[in-house]
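Order of writing sets the chain letters: A, B, C and D. Residues in each chain are counted from 1.
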Amino acid sequence: MFCCVHRQDNKREGFAYQWILRKSGSLWVVFFCDGKFYRPAPYGCCHLINLSREAMAFTVKTIKSLGVLCSGGDSPGMNAAVRSVVRTAIGLGIDVFGIYKGYSGLLEGNIQKLGLSSVSNIIQRGGTILDTSRCLEFHTAEIRQEAAHILFRKHIDGLIVIGGNGSFAGAMELHREHAIPVVGIPGTIDNDISGTDYTIGFNTAVQTAVDAVDKIRDTASAHARTFLVEVMGHSSSCIALQVGVCTGAEHVVLSNQAVDYQKIANDIKKGAERGKTSSIIIVAEGEKAGLSYQIKEVLMNQYDISVHACVLGHIQRGGSPTALDRLIASKMGYAAVHALYEGQQAHVTAIIKGELEMVPLAECLEGKDEASEPELDLISALAI
Amino acid sequence: MFCCVHRQDNKREGFAYQWILRKSGSLWVVFFCDGKFYRPAPYGCCHLINLSREAMAFTVKTIKSLGVLCSGGDSPGMNAAVRSVVRTAIGLGIDVFGIYKGYSGLLEGNIQKLGLSSVSNIIQRGGTILDTSRCLEFHTAEIRQEAAHILFRKHIDGLIVIGGNGSFAGAMELHREHAIPVVGIPGTIDNDISGTDYTIGFNTAVQTAVDAVDKIRDTASAHARTFLVEVMGHSSSCIALQVGVCTGAEHVVLSNQAVDYQKIANDIKKGAERGKTSSIIIVAEGEKAGLSYQIKEVLMNQYDISVHACVLGHIQRGGSPTALDRLIASKMGYAAVHALYEGQQAHVTAIIKGELEMVPLAECLEGKDEASEPELDLISALAI
Amino acid sequence: MFCCVHRQDNKREGFAYQWILRKSGSLWVVFFCDGKFYRPAPYGCCHLINLSREAMAFTVKTIKSLGVLCSGGDSPGMNAAVRSVVRTAIGLGIDVFGIYKGYSGLLEGNIQKLGLSSVSNIIQRGGTILDTSRCLEFHTAEIRQEAAHILFRKHIDGLIVIGGNGSFAGAMELHREHAIPVVGIPGTIDNDISGTDYTIGFNTAVQTAVDAVDKIRDTASAHARTFLVEVMGHSSSCIALQVGVCTGAEHVVLSNQAVDYQKIANDIKKGAERGKTSSIIIVAEGEKAGLSYQIKEVLMNQYDISVHACVLGHIQRGGSPTALDRLIASKMGYAAVHALYEGQQAHVTAIIKGELEMVPLAECLEGKDEASEPELDLISALAI
Amino acid sequence: MFCCVHRQDNKREGFAYQWILRKSGSLWVVFFCDGKFYRPAPYGCCHLINLSREAMAFTVKTIKSLGVLCSGGDSPGMNAAVRSVVRTAIGLGIDVFGIYKGYSGLLEGNIQKLGLSSVSNIIQRGGTILDTSRCLEFHTAEIRQEAAHILFRKHIDGLIVIGGNGSFAGAMELHREHAIPVVGIPGTIDNDISGTDYTIGFNTAVQTAVDAVDKIRDTASAHARTFLVEVMGHSSSCIALQVGVCTGAEHVVLSNQAVDYQKIANDIKKGAERGKTSSIIIVAEGEKAGLSYQIKEVLMNQYDISVHACVLGHIQRGGSPTALDRLIASKMGYAAVHALYEGQQAHVTAIIKGELEMVPLAECLEGKDEASEPELDLISALAI
């Protein structure tokens, strides 16, 4: 096993960084560029060497400091994760740097060392004390090169990224190109990241939407009306399906299917024939909010059915995280730091079948939409 | 003082009802039509007599039963009021009839006697167990005549109407035309009824909106964004103003004024210059929901300011009533029954300067919008 | 495979029930007593026959009606489970009978047929519309015999019991002695039933306690005080541990360990030295509420540390169920009915590693306390 | 009218402070000691002069800075008041100093200048960012002298005290002895300050207790039990009475009356006879928490009635303030600063009949308990 003695910035043109490693007593100098390792050779040449990903574990135990950032849409529980990262790291003797406003803030050097008290009393807060942003320019390699330099200059040895699969893609590149150890913590209300069954914020978003629909049902019942309630989730129907089950909705319009107006109209009419006076239909927003307004128009114009439409909107992104989100966020933050500490390089703190597992980052770069048949069956069985 | 001995349906063509009254030992027969009283005269004639409103107190102490209905939009606390009406009446020995679905239900005879347990465990529920509706046809006198007949046939001596000023107008006519004792309980989230400082449901609607804006502010802060949040209230800005103060909003767009885009744009820009990274602007919906989408477009197209718009919608109409709404609803229900019991004929249980007072129904038939300067001053003073 | 043609009460002395079964065209008559099957033999004798549990699947498809009851302490989500049972059963053409007040109600014949609308609008309600009770007398076989007779006389073919492991024990006996198909749905806030990772109500209880501690922390911070907050869970520390993680508690006192006063005192003092001005210590109530008062006394008298004690009490048992409890309750109710419908005889709708599985009832009769080391480590790591 | 030109510390033995005033062009030097004014006279003497309280308005318009502190028990809405004080003051060009931990912090010089952003995003938070404490030593004049010196040395011209009547007493003395302009903002959940109908935090405490009782009623109903629920309020029954009305409680035990066990027992028994299966009895804690445990014992031992007791405790003191508390706190903070700015010297921002009024501090130094008959009548009328 290699052990890192020293790491420094690019000493040789064309290479990003240079390490001095020790293995069995002898010292090695290696260069790193674009995912590959080289050894200096006579006459200024470099030989590609076969230092596999596993060997990259030479950074093991050398993590003395780490940075943590939130990226993409905020989600409730991000603060609980940040708190857990900070406290766990300090407990292990690792310095922690908060990087503000996501990758944009990293590029601007908007970075501060965080102490224990900086995360006091935030476990229950929505949003994120680190702020967040979407950073499109991070898609270019030059920009990421800059980011890597900033991390090195600040002596930040590893990076924890809390966000969605887009944010993970940036982290993956940063790791591949610059050998920076990264760990992703899945944080988005949409629960749409491949490789993990759960993302921080999902439960809170569902709960907020359920509470909202409970209120709307009061009016629906009192007035014998049908309401379309549009929930968030982007291209995923996860929120819509759980909200559908939890509110006793009569129907759920999924995001990945064409709207079946005829079926919706039939369901409403059949319900009315069976004596139902009010109905709730949950609509997954899909790529762009406002679908429920369109459905309302069609139902009115083509089927002569009068419905009300509510777009719940951004209330689903905020608010104090539920117990479940705090719990999972706390566990993930703790696991993320330990993973870096133990030399894992590019992993995600995933929930698989109820257990926290470290999953390779490469498996978590896709979106997903697990609109499962069982939940639809359940909803229609219980909506009779 | 007259004392009512007997009341019956129209015995004589052209007159609605006939009472046999006793005064100082002798019996009188009087007819009532369109707000006036007549005595039978020889040859089938009738003489108009001068029985003033006060003399109409002959029905005092004769209330043996009353009906209660909810009309117009539902509001949280209506159930608490219904419970209070039912329990107070039964405690006084008065039969109570629940009239379902407002005036429409009255016309359809959708009426059931209510016992003590019918209102168990409802004080904390949103909506209304009596259901509600808007009944446009109640604007015609013939329809109201029918309604009066139904009440008489069911031996319902007085009516308690929980609703807004439109619903009160129907009650006023019913009283004027058919001498039916009515009491209005102001119930609408909009707090827009003349003659009372408060209407049941307002506090809950404000609280729900405040809770929603608290959540939205999490995202606004985390992303450094400006949000337009549209709240209910129809033509009244009451909800918008209180929500503005309670959420520390930077600006409130009132319902009764043209939108001053230039000022909004300036406020946002000035705030940004002072270092504010996020803003909340509360928009009173006015007559028709959706104003915030329009403002968003204008700010984007004419001022190049990017904002997000959220229409809170019907979540503000439902939910468990706040303590304040339960308290006031309980007091109003209690006072309404006692008012009928003590012979008041056409009053409203109003809140004036923090105290419950009985106010003539005629003073409570208008809408109102008390967008007061002080609250606007307060909002702008605290938004610096 | 056998198929049940007819079932009737005890025709022959000493045997509880008699079935007429059909197998491959021929009819069989079998008796059942104390978990074993017999065939009539000449001269009034009976031969024990080898009809295994699997063969008992002769009742498959013959379930025409089922009863559902709640037993033991109520928990949020029981109503969601009842709704799911009722709707699923009716959808499958099975009659459903609500048995009120648990086993006591069963013995009193407090049983009503439930229609679709009987479970309208209850998914969001705490408590249980079926009421519940603890029934000690159900521990005697004679009483259970009575219960079985009542079920047969009412033509109730199967029973769904929502409750804890004590309630399951009664169901197990009922099944063993009288061959009544039973399915248990784990419902208790304590999450202390062997054989399942989750019980309905646990998440809501944790959430309620977390919300309460959030409020208490406001005062703890403002006054620089230490609070002991005692949470429910009987002999299980599950609630205490999750609440500890989710509120950032400094310490958790488990129910199954002697209180280590010295450690608590040290933790408080060390925290104070590091600059912590306030602390929250979560106390699992154990067998009997009030432990926190005792700890407060000892800390005061022996360690001169002043703390406040709060016993959260029954607020943890009520309230609208969280989304998670509604979801799991809905799934469990659905699965319970399908299990009976498909001929399962004595199972529990369990959650194992995040998935719903049918587990033999016999595995779910014990209490458990999974106070796991990992969570304690997490709490102390994050409390620095 | 006098106008203050200069103020400085004690130049002459025995006097606390010295002002140089201007009146109609000529300058005056005055000393102040123990509520009286003196002019220097030849030979080191001083003549008492008749500078009335009104004349003390010489400090009018000279307020250049003010301090704000919270004292006594924290209450939800204190942060909203602090925010309002800070923003209003800065808007008027007045420097604001936060004094941490109440009068104790003042004595320790725990004082920091507050900027606009120091109060960002706190309107919705429970507790108080300024922390609070009870400071018994402030009852001695020497200690208050010290406090006055600290204020003068820090150039703090006026003081806003957010707290209860005990805290106001300290402020009153400080004003009387040292001519420091003070304004009190009533902040306590108990609503027990003479001179004002409302104190910040009361509505939130009632709401929290009502939410808790709603949850407890779920279990009470499901199990057919009677619960005693003890609420806060010290010697005031205000919280208990409102909670009683708002939860449909069957009985309220007031804090200022001997417990009438016979009546409670009768009420429970009568209720049971009328078919009530569950009851809620609200208990005002009185001077010392735990009364409900005592009542439980007596009911059990002397009347053989089994009840459960819940002490809600400190959850009532924390949590996000309700809309009403935020609104009133915002108005009071604004009014308090304007009062100082306009030269008021010793007033309280009171709510009288729904309106904010400035009331002399001297009228607000007593506790009060307005356990009014009407509310008790209402509770018993609705509990039938």
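As a working rule, contacts are C-beta pairs under 8 Å (C-beta built on N, C-alpha and C of every residue); 3 or more make two chains touch, one makes a residue touch a chain.
Bear in mind that the values here come from a model prediction, so they are computed numbers and not experimental data.
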Statement: Touching subunit A and subunit B alike are none
Field: Distance between chain centroids, defined by C-alpha means - subunit B, subunit C (Å)
entry: 45
Statement: Per the C-alpha means, the centres of subunit B and subunit D lie apart by a whole-Å value of 35
Task: Would you kindly tell me how far, in whole Å, the mean C-alpha position of subunit D lies from that of subunit C?
output: 46
Junction residues of subunit B, two or more chains touched: 214, 217, 221
- request: State which pairs of chains touch, listing all of them.
  value: A-B, A-C, B-D, C-D
Message: Show me the residue ranges of subunit D that touch subunit C in the complex, using the header's touch definition.
response: 70, 73-74, 76, 101, 125-128, 131-133, 208, 212, 214-219, 221-224, 227, 308, 310-319
- prompt: What part of subunit D is in contact with subunit B in the complex they form?
  reply: 83-84, 87-88, 90-91, 116-117, 121, 123-124, 197, 203, 206-207, 210, 214, 217, 221, 242-243, 245-248, 274-275, 320, 322-324, 326-327, 330-331, 334, 353-355, 378, 381-384
